[in-house]
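Several structures are given next for inspection.
Below, chain A partners chain B and then partners chain C, in two separate complexes.
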Partner chain A sequence: MTARRETLLLFAPGLALLALGFLLPILRMLMLSVVGPDGITAVHFARFFQDSYYPSILWRTVRLSLIITVLTAAIGFPLAYIMSRVGLRLRLWLVVMVILPLMTSVVVRTFGWMVLLGRSGPIASTLRDHGLVGRGFSLMHTETAIVLGMVQVLLPFMVLTLLGSLARLDPRLEEAARTMGCSFLQSFRHVVLPLSLPGLVAGSLLVFTLSASSFVTPSLLGGARIEVLAASIYKSVTQTLDWNFAAAQAVILFAGVALVLIPYLRLTARHG
Partner chain B sequence: MVRAVPAWLRGLAWAFVVLAGLFLLGPLAVVVGVSVSENQFIAFPPEGFTLRWYEKALGTREYVEAFWLSLRLAVVVTVTATLIGGAAAIALSRGRQAGAMETVFLSPLLIPTIIFAIGMLMLWSSTFGPTSFATLWLAHTVVTLPYVIRTTLAVLAEADPFLEEAARTMGAGRLRCLWHVVLPQCRPGLIAGAFFAFNISFDEAVLSLFLRSPGHNTLPVQIYGQLEFSPDPTVAAVSTLMILLTIALIMILDRLLGLNRFAKA
Partner chain C sequence: MSDLSLSQIHKSFGRTEVLHGIDLDIRSGEFVSLLGASGCGKTTLLRIIAGLETVTRGTVRIGGRDVTGLPPEHRDIAMMFQSYALLPHLSAFENVRFPLRMRRRGSRAEQAERVERALETVRLADLGHRRPSQLSGGQQQRVALARAIVSNPQILLLDEPLSNLDARLREEMQVELIEIHRRLGLTTIFVTHDQDEALSLSDRVVLMNAGRVEQQGSPREIYAAPATSFASSFLGSANLLPVTVGPGPVARLADGQQLAIPAGQATPGERLLVLRQEDVEMLPAEKAGDLKARVAIRVYLGARHRYMLDLAGQRISVMAANSLLLEPGEEVALKVGRILLLAR
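After this line comes the complex of A and B, so read on.
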């Protein structure tokens, strides 16, 4: 057996799996989005844009994803920086602190937020006890709830991406800046931040795509009225049973995500 | 390095880490709290202590069946993903044009699960009819494959390529070389990949929701359904058991491989 043939044999099952279980499903979805009763049509896309209902869902999805991405970066960057600069033992515990929620089912984490934000949760009852809000106050089924839950769900992705780039950053560069008379904040601003920018951008793009396409957390915390694109797709698939329209919405989501993914791939290819 | 940081900033950093920890782990702690509360309704802080909800959860047929389905699914997915992904990773580590091929194999990580989920549903329904256990098996294997490939590739990148060459010049055949030299080198990567595959499959909700068939609800789907309609402390008990399983997985992974590996990376 030659080396070439061995390599091909090792590749074969994986390629077959991806062709059958990944490529074909996506092609099928693309196809359904453009077929109608009489051949190829753009009617499903036209329906999405015919009135302001679906565009407003799209806009909400983009707007919330942007807010979530900015907040995740704002919390994730200092956390990752601290993690990259503490001793190995403490870093290990902090990694566990980040990985444990990441490895717990999104359904379970969202449940935690439902309890925290609900009418009998600690936030509502504290505010009520201080007379700040009325009896029926609850943060559930608000955009704030979606943002809070999603930032917690996606923070680990941001922290782990940033940790990768910050840990590779040579600490001697910072030391050099300090001995040359920079204050801590100056060296942070002029050395650490520029050098970790690719990681920050890569993490943000990743969080944005995950956020734009997430379904479980926004549906449970936002409820039926505050719909995002993924929830609207789910509704078309399971309730209205309009699969062509569901496919068209998925293609719109796909196109949006692809716009963000291309720079992400370029960045990660260049910086490993 | 930390010593060069001003004292006020170090204090601030500590406070920040504690707050971030509360934010990350708080929602999990709350679920555990509700699961042992005597309160009939979902409320926090918990009142008293009881294991009644666990008893009730273990006696509920839907949860028990969902658990077994999730477990069976996660086991077969782990085995197939590790075998196929391990083989692909070995081939990738040798390839000259590995870059493009690697992107192909990691692409399921990049495409949002929901898009892949509806594609899968549409393809399966038009070719095979109603979805089944096999649909979930196929879909979960596709999304877990990249994790096995990534962890195995990472280990192989550090491995000594001359070891294989040495074995070959000493007269070992290709298969023997693969079995006795390459595979042992892959082992930590394969083990880590298998753990991730198991964890992801067991916890996955989106694919399982789209591809579910009557009587085929995985545990996360069962929990999701409860949360959508009438959450009670029994869901909290089931959720807590899922958190405990995650903790157990992380501890076993640490025992087998050492989490230091991940902390350093």
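After this line comes the complex of A and C, so read on.
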């Protein structure tokens, strides 16, 4: 057998899975979003934009995803940097610690946050004891709650992606920078950051898309009033059984995410 | 005035002490080699001077100022790494400008001019726009050198800078290093495990062994008068033979052969006889020599032959002109030129 045929053979299972599990449903969704009772129609999209309700949900989804991405990057970068610089043994333990939360269900973790953030939870009661907030204070059902929960859920993805590129960075480059007059922070800014940019971009893309499409954590922590688009799609499918409108919303979410990501990719391609 | 002064430098990693109290003073403009086998502590010492490694005990002074606790960026040094450590995301020009930019030396235009001059010094003036990945190993090495000299540091630290080059390029760079040192007069510390490099480049060789300074002196001194058996075996391909001196000005080898020695060195006792390759001449067996040996192996080197000889139960290595051709097993007479005896 030639190398070319072997390659094709190895490629086939993945390709088949991708076609069946991704391309087909996407095509089906695109079709659903534009068909109505009388053939091709744009009525589902028109409905989305007819008042500010759905656009505001879209905007919230994109805005929260951006905040979540920035926060996971800000928290994850120093963590991944330290992990890449410690000994292999300690690194393994840190990786286990970062991955450990992924081994429990996201629902369980979100319930944990509900306990922490609720009116009688430790955060609210501590703030209340110090007289910093009023009697009715609760972080539950706020955007802050969504961000907190999502950052915790998505941090492992950011850290592990960053670790991949930081671990490949030659520590002598930083030493060289120090001997050329850089302080620690300057060597970080001029050497570590630009050279780990691919990892940062990959991690950000992962976190952004995952948080834009997640709905369990946002709906549990944000409640019914603070809706994100994925939750709205879920509602259309399960409660109003309006598959066409659900498909239209999904297409709009897809386009919204793409609108944010494409300029970002362009920007980093120029710097890379 | 001394540019660098180390006193009683001790360094431990965990419970292992790797430097046991190093004292070293380096004059302004001097080119000093730290020579030793891998693991002798020479690179650790260089990193301590750079500030990349802290000392366990001792003081580092640069230009009279105590810098022991200062991080590298506050020391007036430049270092060239064995791996060159060029920044892959910057062009050669920007790599060379980096230390000027970070140390805020001069305006942008002045920096550009100094970078151009440094690149010219290493004969890379027209390749400044290239990324390190677009340069050959030798060119990358020149960029690293330009980057080290551009800020005109008080001390230039070179960590085995030539070890990744092939033999021809290495010789070329040695000559270039000598020229650059003569032109710029930078105080230079050069770490190497290559004795030829150390001897040919430096004003002074500091021979290190197991975390201590074994011997230091000019290349001539250290080669001609090694103080210890380690120094003699590390510098030059010396053969070491255990001998017994006396009675009288005579050294007795293990197989009973006797060698006349200068009266000045004839203190009776157990000694090591140092026979350098170039101090031993091979003669056909029928000629009168000082010692007799037997040929074990002959290696053709082009310009001459290297012979491994069996002498007093030991293998020694000797060079011979191509005109003398002896087969393994044949007897040979040895004429010994300079005789050096060390304490055993």
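The definition used in the following text is that the second predicted complex is superposed on the first by the 233 of 272 C-alpha atoms of A that agree within 3 Å, B and C clash if a C-alpha of one lies under 4 Å from a C-alpha of the other, contacts with A are read in each partner's own complex, and residues count from 1 in each chain.
Just so we're on the same page, a residue touches a chain if its C-beta (ideal position, glycine included) is under 8 Å from a C-beta of that chain, and two chains touch if they have at least 3 such contacts.
If you're wondering where the values come from, they're calculated on a predicted model, not measured in any experiment.
S.K.: Regarding the shared-chain residue A:101, is it in contact with chain B (first), chain C (second), both, or neither?
M.R.: In the superposition, A:101 touches chain B alone.
S.K.: Which partner does A:215 reach: the first (chain B), the second (chain C), both, or neither?
M.R.: first
S.K.: For A:114, select first, second, both or neither according to whether it touches chain B, chain C, the two together, or no partner.
M.R.: A:114: touches chain B, not chain C.
S.K.: Just to be sure I read the superposition right, which of the two partners does A:170 touch: chain B = first, chain C = second, or both, or neither?
M.R.: second
S.K.: Now for A:11: first (chain B), second (chain C), both, or neither, which partner does it touch?
M.R.: Only chain B is touched by A:11; chain C is not.
S.K.: Considering only the touch criterion stated at the top, classify A:178 as touching first (chain B), second (chain C), both, or neither.
M.R.: both
S.K.: Examine A:254 and indicate which partner it touches, taking first as chain B and second as chain C; both and neither are also allowed.
M.R.: first
S.K.: Please work out whether A:233 is in contact with chain B alone, chain C alone, both, or neither, and reply first, second, both or neither.
M.R.: first
S.K.: Could you let me know whether more residues of chain A are touched by chain B or by chain C?
M.R.: Counting residues of chain A touched by each partner, the higher count goes to B.
S.K.: Once the shared chain is lined up, is A:26 touching chain B (first), chain C (second), both, or neither of them?
M.R.: It touches chain B, and chain C stays clear.
S.K.: Which residues form the common part of the chain A surface touched by chain B and by chain C?
M.R.: Comparing the two interfaces on chain A, one with chain B and one with chain C, the shared residues are 175, 178, 184.
S.K.: In the complex, go through chain C and note every residue touching chain A.
M.R.: That would be residues 50-52, 71-73, 77-79, 81, 83, 85, 87-89, 98-99, 102-103, 147, 151, 157 of chain C.
S.K.: Please output the residues of chain B touching chain A within their complex, sorted ascending.
M.R.: Touch residues, chain B against chain A: 1-2, 4-6, 9, 13, 16-17, 20-21, 23-31, 34, 41-45, 83-85, 87-88, 90-91, 94-95, 99, 101, 103-105, 107-108, 110-116, 118-124, 126, 138-139, 141-142, 145, 149, 174-175, 178, 199, 202-206, 209-210, 220, 223-224, 227-228, 231, 235-236, 239, 242-243, 246-247, 249-250, 259-260, 262-265.
S.K.: Okay, in this complex, where on chain A does chain C touch?
M.R.: 170, 172-173, 175-184, 186, 190-191, 194-195
S.K.: Could you please specify the touching residues of chain A with respect to chain B in the complex?
M.R.: 1, 3, 6-8, 10-11, 13-15, 17-18, 20-22, 24-29, 32, 75, 78-79, 82, 85-86, 88, 91-92, 94-101, 103-116, 118, 120-122, 149, 152, 155-156, 164, 167, 171, 174-175, 178, 184, 209-210, 212-213, 215-216, 219-220, 230, 233-234, 237, 243, 246-247, 250, 253-254, 257, 261, 264-265, 269
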